[in-house]
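As written, the chain order gives the labels A, B, C, D and E, with residue 1 at the start of each chain.
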Amino acid sequence: MRDTLLLGILLLSPLVTASLIFLISLFFKNTKQTIYTLLALAGSGISAAIALYISYHSYFEKQIFSSHLFTWLNIGDFTIEVALKADALSSFMILFVAPVSFLIHIYATGYMSRDKSYGRFFAYFNLFIFFMFLLVLADNPIIMFIGWEGVGLTSYALIGFYFGDIQNTYAGNKAFIVNRVGDFGFLSALMLLFLSIPSGGFGFSNIFLSLAHIEPFTLSLIAFLLFVGAMGKSAQIPLFVWLPDAMAGPTPVSALIHAATMVTAGVYMVARFAPLYNMTPEVSLFIAYIGALSALFAALIATKQYDIKKILAYSTMSQLGFMFMALGVGAYSTALFHMFTHAFFKGLLFMAAGAIIVAFHHKQDIRDLRGIKFPKIFIMMAVASLTITAIPPFSAFFSKDAIMGALYASGHLELFAMAFVSSILTAFYMSRLMVVLFFNKGEQVAKESPKSMFYPMMLLTLLSVFAGLLNVPELFGGDLNFSHWLNLADKIYTIPHAKEWALMAVNTLFIALVIYNTYKKYAYTNAIIVEKNYGWVTNKFYIDEFYNKTVVAAIDKLSHFFEKTVSSFLIDEKINLTALAYLKLGKIVSMTENGNVRFYALYMLLGVVSGFVYLYWMLRSAV
Amino acid sequence: MSNEFIALAVPALLLFSAIFILLFGFSSHYTKNRGYFITLATLFIAFIISANGVGTKYSILILPDIFNSMVVYDTFSATFISLFLLGGFLTLAIAKSFVDKTNFFTHESFVLLLFSLFGMVVLTMANELLTAFIALEIASMSVYILVGLNKNSLKASEAFFKYLLLGSFSASFYLLGMMLIYAQAKSTNLDVIAEYILHTELHSQLLIIAGSMLIMITIMFKIAAVPFGAWVLDVYEGASLPITAYMAGVFKIAIFAFVLRLFLKDYITFDAIYDPLIIGGALVTMFVGSLLAVIQQSVKKMLAASSVVHSGYILIAFASIGEATSSAASAIMFYLFAYFISAIGAFGVLSYISKGSDKAINYDDLDGLAKTRPIIAAALTIFMLSLAGFPSTIGFIGKFYILTSAIEAGYTFLAFFGVLSAFVSIYYYFKVVMHLYFKEAGHVEVHYGYKVSLAFIVLSGVVVLWGGVGTSLLLDIPGINALNELSRYSIESLGF
Amino acid sequence: MSVLSAIIFLPILTAIFLFFVNLHITLVKIVYMISTLVVAYLALNLYIDFDASSSMQFIEQHAWISQYGIEYHVGVDGVSLGIVMMNALLMPLVAIALYKQRDKRGYWINLLFVQGGIMGAVLALDLMLFYLFWELMLLPIFFMIGLFGYGKSNFISMKFNMYTIFGSLMMLISILYMAVEHKEQFGFYSFALDELKNITLTTTESLLVFSGFMIAFGIKIPIFPFHTWLSDTYRSAPMGIVIVMSALMAKLGTYAIWRFLFTLLNETSQELAPYFIWIGLFGLIYFGISAITQTHLKRMFALSSASHLSLIVVGFFIYNSYGLIGSSYFIVAHALSSAALFLMVAMMYERVQTYTIDSLGGIAKFAPLFALFFAFFALSIVGVPFTAGFVAEVLIILGAFEYDTLIGFFAATSLLIPMLFMFKTISKVLYGETNERTKNFQDLRSHELLAVIPLALLILAMGIFPNYFIKKIEPTAKAFVDKKEAVYHE
Amino acid sequence: MLKAYMILSILLFSIGVVGLISRRNIIVIYMSIELLLNAVNLSLIAISADMADSSAQVMSLIIIAIAASEAALFMSLFVVLFRNRASLDANLFDILGNKHA
Amino acid sequence: MQNEILFATLALVAIVSSIVMISAHRPIDSALSFIVTLISIAALFALVNATFLFVVQIIIYAGAILSLILFIIMFLNIKDENLPDEKYKNRWLLATSIIIAPFSAILIDLIMRSDIAVNGVASEGFGTIKDVGLNLFSKWVLPFELVSILLLVALVGAVTLSKRSE
């Protein structure tokens, strides 16, 4: 009962507040913003509090909260319960999802304060976290899929939030459609999975118990298709194209959805299905490669981007690639830990970017923002940047280093190499961003951000710095509390401490070198202005154009072909022609009706004669 | 009333009434209205009398000593006689406005109408070839003249000319055929011929087969089967509307009544020989008929062409008579009921709205009628649906029986082609509906008057609907089942 | 007179009454409302009284044309119940939403006729009775298109008419053939579903009979390649009829496949199922892709309907309980969504007088309620979670995967394809810059809200608590699957 | 003898048909029709003689009467047609055909 | 033998005159040759002892009907230029003859093959007016009565159609 209550409130408070905000904003046009603010914050705040409570109990008392709400579907063997379960993994997820959401909510009250659609924004926003919780807390994959689709949907709504410009809407469409391609894989996988399971319900625990019954090929197929879902949601190659465009939404949206929460759902899902992936090493390896490629590819593109949010978006994609690499080699906890830290620093980066954008009248191009003066933001952003580049002792140092270690230890050195290069590139583009923004001559001075924006950022800064301490590896005397808590089916890699130290050192050294060089190149120069802003990298390897030219154009062509050629010309016209031919034939036949009575008599005679010929023929054979 | 009395009373009544009007017509007391109502009353009384003979199963020879077994009165003839009388009555009742507004509807036309009905009555009862032929000639000649009544109209004269010429031409085939049969069977009595056929080898039947073939040609001509029905479009077009209705609705049925008797008594033995011919005829008739119907501009011509198609449907059932005798024969009867009432209704509406003008009623003339005269439009729609065989109308049930009997006889392909031509017929019948409802009226129509005509049109419409859905479940009025019973009794009274 | 007969004949009688009694238009609307509400009430009672543990019920049977064994025989089971409910629900809602737009008696009379016709066709258990209603419901549609349609409405109504009647006539031949076979094998005519299923046919015969039925149903649905009447008809037809066609009539085709073909020609249907599954899948993709480049809203949604209907066909033909329940559920779900969406389009047309997608835009700015509902219904058609369509699609896809993995994948494309055009449409209609046409777009009025809110709530309820609804279908599905097993074990 | 008569009758009948169809003059057409009836009569008389039964003669008598009534109609037809068109050319009477529709 | 020769002669006359009838250009020629046909047919009647019918044929056909035709031809005063210009008359005749040939041939073949002749022996007074009359009023009274009605119809019709409309 307590579980039901807790989980229920956790889940429903955003939904209820979202609905309330919706109704109010639709029917009472002149409502004060305060009411929306209160409702929105209440919704996410209550959730955040309960989430912390649950995580606390989960972490320290190893409690599992579970609740069965109602039966969603029951057809013969097919039973889907709407059941929620906060086991360690889910608790871990809500541990950062809920508070970060809450913080971004607070931030957004400031960021959006002058927007006319303030209410609508928070309605979507709360709806989003409802779906996110549903995704995370679901105890069976179908309900998880509902949450999964739901976040996609709300994300679509939020990306296209400024619908006055149709391009934003298209960006939303793109996001949802690409996501749905992933969902296609996800749902197919679920169906296959369901049909392969002997019986006994579709809860996760039962699924994992039944995996052994599934034949290997099907299992691999399922694993692969699940990952297709993850590709879509977590913006991995080849389904990443939506993420950069998704930056069309308001910045809090980018911070929450496209950095901290939704995009990590793919990682969460793969981790959730860890037992499955452990049985399909080839798919895992594939995941690792996709992750590596995405990380490298995104990092590469990020080096030549100028839009502040786009840089961060590619960076997100790149970091997600890191996570998938870890997942691919079986280091699930490591991946999740990176996700954890990533939520903080990437959230922070976006918020900072948002603060800059607001302060400088919606300028987003770093070439226009050279040398801005914005001290507080600078500090916070610097911390976040250092975190993302994995400079010790910031949190990401621990997480990313663990990934590198795992990659190295797994024996796939090519993966390690790619991760290493990505890591270097990360250092480059982040420092490039920072240097261009803050270490340049410029007169632009911003007015301070409102408090509602500032304090959440403060908090996140702290978290970025210290979150790493929660999963300190043995190397530094920690005991990997997190990993133990999550208790996932990790593959345990051990490498000699000496090697680990060496790796770390080399890594850090290279990063430091890159940062230094970048500073030299961009600080107080016009390198950013004169650098070549065309070519393959700047244009993101023409991937969008490629998709447009092939997939989109092909579908359009096909559509025309179907409608104009097949339906109209090949079928309909033929049918009409048949009718016309019939009429034509009627005209021809009616020429016999020429009105001349002698002809009529002649027809009769012809009839008579042919009848008699027939008769004679008949009788001849009879007699 | 004894059946023999009915059998004698009905034709006698018609005859006497005809002669009375003929004489009365020369008197100064005669007005058109009086003639009209006397005719109407005669028809009504005759109908009432003859309706008494319907419903039970019997078969008697009328005055066999005097008439030498040449006429027979049975449920079959009773049913058909009631049908024509009703048909004649309805045609005339609906044609009131037409009769009033035209000056060629003299007393002779009533006389001829009664004579033609007399001819049909005798034709239906005829059990002998020559009697049947004379009866047929009486009916035909009356109708020829009725077609040509409007002698100032070029169209009517031409129609008269064509009908008379081709009718006489076809009649001579009948006589030739009769002669051949007589030469072989030494009798013209249907029963005797049937006996003869039953007891001889095919070798001794050659001339009977050829003669039957020739008689069939006349019949094909009368029912306007292709290629003998080329006249039908022209004649229907040329005749004035009530007469067209009469021809399509009543006269044709009389022919079929005779054919059915002929078939069931004699032809059925030669089933194997004739079936392919009839099938071919049915196919060609349906096909050509529907081709002609789709391209017509004039509604009247369209209905004429479609009546050809309907003959084709009935031929389907004739083809099936050999294998599925009772169901096919009842199907024909039912179909005739259905076609009778629908055709009379359809032509009746046209005559109602034509107001006696000679002008061909084109589709365009129906435009917007639904706005000005919703009831008339609805009635015409119902008749069209019935002719098209749309469910919930009597026409559908009729078609249903025909198709079922065809399938039962093993001629599924024939049923299939029947359905195809029904499909085409949807086009031209619905075109009428389309013009009634969807087009705007070009001119404002005044009201047409004559509540009586309207009432009978509506009545026919109701009958059409009731014949399509009617059941004793709802009201205690004879519905489909009763009509079915009726046709079955009729067929059984012929000895099947 | 049972409740089923009342449901069938009340609308028809009301229509006849309205035809003959020349009431003022306001009164006509009131009578219409009363009639449809009574039907809705009766249907609701039916739903409540419906025994979820058995299949066919509320059977009413009387002799009709006794010589041929034709009966008035009606009954309802889980699958037909859904269509009955939709029919009963949508008719009053259509009136609520559109009553201001339509001031012609004929409009409402014809709608009542259609309602009765559809009810009859859904409930009939005798093939002749079914045929009667099947044809009868065509007539008002013909009139509606011709009388109140747009564009070349005369031509289009005729074409539609010819198209569908062609199918019906083919079906008629099949029905008659079966009846005659029944007579030959059992000695008497019968058109009852329960009787006709006992006859044995040779392979060729059953193939031909099957095709006769299938042409009729295929045209009505429509499945590829019988679809070319579709987009023009939808474009031309007045909205009341578009709603009826897409929400009810087309569903009737799929329903009839299940009810009649699967009962009468079970083995043949199973043998041919793979072909129709492929046709259905092809249609799903074909219509979906065709819709993408449409510029006319009604045409686009017509193709969208066709696409989903193909999926329903697939659901039926995969012959398992998931597929069946999914399809039945989809019938209802899609009826709700498409009816609602077309209602929205109708309201939109009233305001902007255009259906061209490209000439719209920015409606969401001034009409948030309209935008909300429009988007919601559009998304419910796409099948996003929490809407009824999602449940149905999941079930059909599941059934498809159970049938065959490859087919499962194709069926799962239903997640993708409708989206392609639906999102484009939403964007172009609701978002972007406002223009001359849309800048004075009035938001939903209260009576319009009254019409769409129940639909939205029902869609949500069916998406969130599907089990409650599906329980009513399950016994029917079970009986169906048992029958299939029986065939396999023979 | 009977067969000879019948063959002759068939020949006359055929000639009548040929005349009916080939000629445009309505009066000739009418005479052809009369020839048809006479051909039938000829056979009937022969049958009668062969059977030694006068029934067939009665029949032919009746046919002659029918021919007479047809004659009456044809006469009036000539009058009507000639009055309308001042011609007895069968080809002229085609306004009801599709040419004029 | 004598009968056969007579028959052959009469048949030849009938056929030739009827061919002349259908092919003569002017109706008056046709009518006259038709009289020849009718008379030869009447003679054929007489050949088989149908005396009454022979008389009837002569009186009614050759007498009444033909005079009627001639009367009409005169009455209408059809001049040569009013006659249809039958350019293709001969072609038509030829074509129709070819078309009808199978019909005649088949019928003749059937007649030849069938066993119709009974060769009954005629009793005394066969074919006389008494014989025919007795038969007419015993066996054929109904057709007889009907024919009277038919004649009445024709009469009414002829009057109706021929009188000038007022």
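What we mean here is this: a contact is a pair of C-beta atoms (placed from the backbone, for glycine too) under 8 Å apart; a residue touches a chain by one contact, two chains touch by 3 or more.
Treat the numbers as computed from the prediction; the structure is a model and nothing was measured.
K.L.:
Treat chain E as absent and tell me which of the other chains still form joined groups.
P.N.:
Leaving out chain E yields one piece.
K.L.:
Going by the contact rule set out at the top, which chains touch both chain A and chain E?
P.N.:
Touches both chain A and chain E: B, D.
K.L.:
My parser should flag the chain pair with the most contacts; which pair should that be?
P.N.:
D-E
K.L.:
Looking at CA centres, what chain is most distant from chain A?
P.N.:
E
K.L.:
Please identify the chain lying most centrally, where each chain is represented by the average of its Cα atoms.
P.N.:
C
K.L.:
Could you put a whole-Å number on the gap between the CA centroids of chain B and chain D?
P.N.:
Here chain B and chain D have centroids separated by 26 Å.
K.L.:
Once you find the CA centre of chain D and the CA centre of chain E, what distance in Å lies between them?
P.N.:
7
K.L.:
Report, in whole Å, the distance between the mean C-alpha point of chain A and the mean C-alpha point of chain D.
P.N.:
Between these chains, centre-to-centre, one finds 96 Å.
K.L.:
Can you give the whole-Å distance between the Cα centres of chain C and chain E?
P.N.:
Chain centres of chain C and chain E, defined by C-alpha means, are spaced 72 Å apart.
K.L.:
Of all the residues in chain C, which ones touch at least 2 other chains?
P.N.:
Touching at least two other chains: 162.
K.L.:
Among all residues of chain A, which ones touch two or more of the remaining chains?
P.N.:
590, 593, 595, 597, 601-602, 605-606, 608, 612, 615, 619, 623
K.L.:
Could you tell me which residues belong to chain B and also touch two or more other chains?
P.N.:
Correct list: 130, 134, 137, 141, 144-145, 148, 151, 160-162, 165, 169, 183, 186, 203, 206, 210, 233-234.
K.L.:
Going by the touch definition at the top, which pairs of chains touch each other?
P.N.:
Every touching chain pair, ordered by label, is A-B, A-C, A-D, A-E, B-C, B-D, B-E, D-E.
K.L.:
Contact residues on chain E for chain B in the complex?
P.N.:
106-107, 110-111, 113-116, 118, 138-143, 146-147, 149-150, 152-154, 156-157, 159-161, 165-166
K.L.:
How about chain A: which of its residues touch chain B in the complex?
P.N.:
Against chain B, chain A makes touches at 582-583, 585-587, 589-590, 592-593, 595, 597, 599-601, 603-604, 606-608, 611-612, 614-615, 618-619, 622-623.
K.L.:
Under the stated contact criterion, what part of chain B meets chain D in this complex?
P.N.:
130, 133-134, 137, 141, 144-145, 148, 151, 154-155, 157-162, 164-165, 168-169, 172, 175-176, 178-179, 182-183, 186, 188, 233-235, 237-238, 296-298, 301
K.L.:
Where on chain B is chain A touching in the complex?
P.N.:
Touch list, chain B to chain A: 161-162, 165-166, 169-170, 173, 202-203, 206, 209-210, 213-214, 217, 220-221, 226-228, 230-231, 233-234, 273, 276-277, 288, 291-295, 424.
K.L.:
Across the complex, what residues on chain E touch chain D?
P.N.:
Residues 3-4, 7, 11, 14-15, 18-19, 21-24, 27, 30-31, 34, 37-38, 41, 44-45, 48-50, 52-53, 56-57, 60-61, 64-65, 68-69, 72-73, 76, 78, 82-84, 86, 89, 92-93, 95-97, 100-101, 103-104, 107-108, 111-112, 116-123, 126-127, 131-132, 135-136, 139-140, 143-144, 147, 150-151, 153-155, 157-158, 161-162 of chain E touch chain D in their complex.
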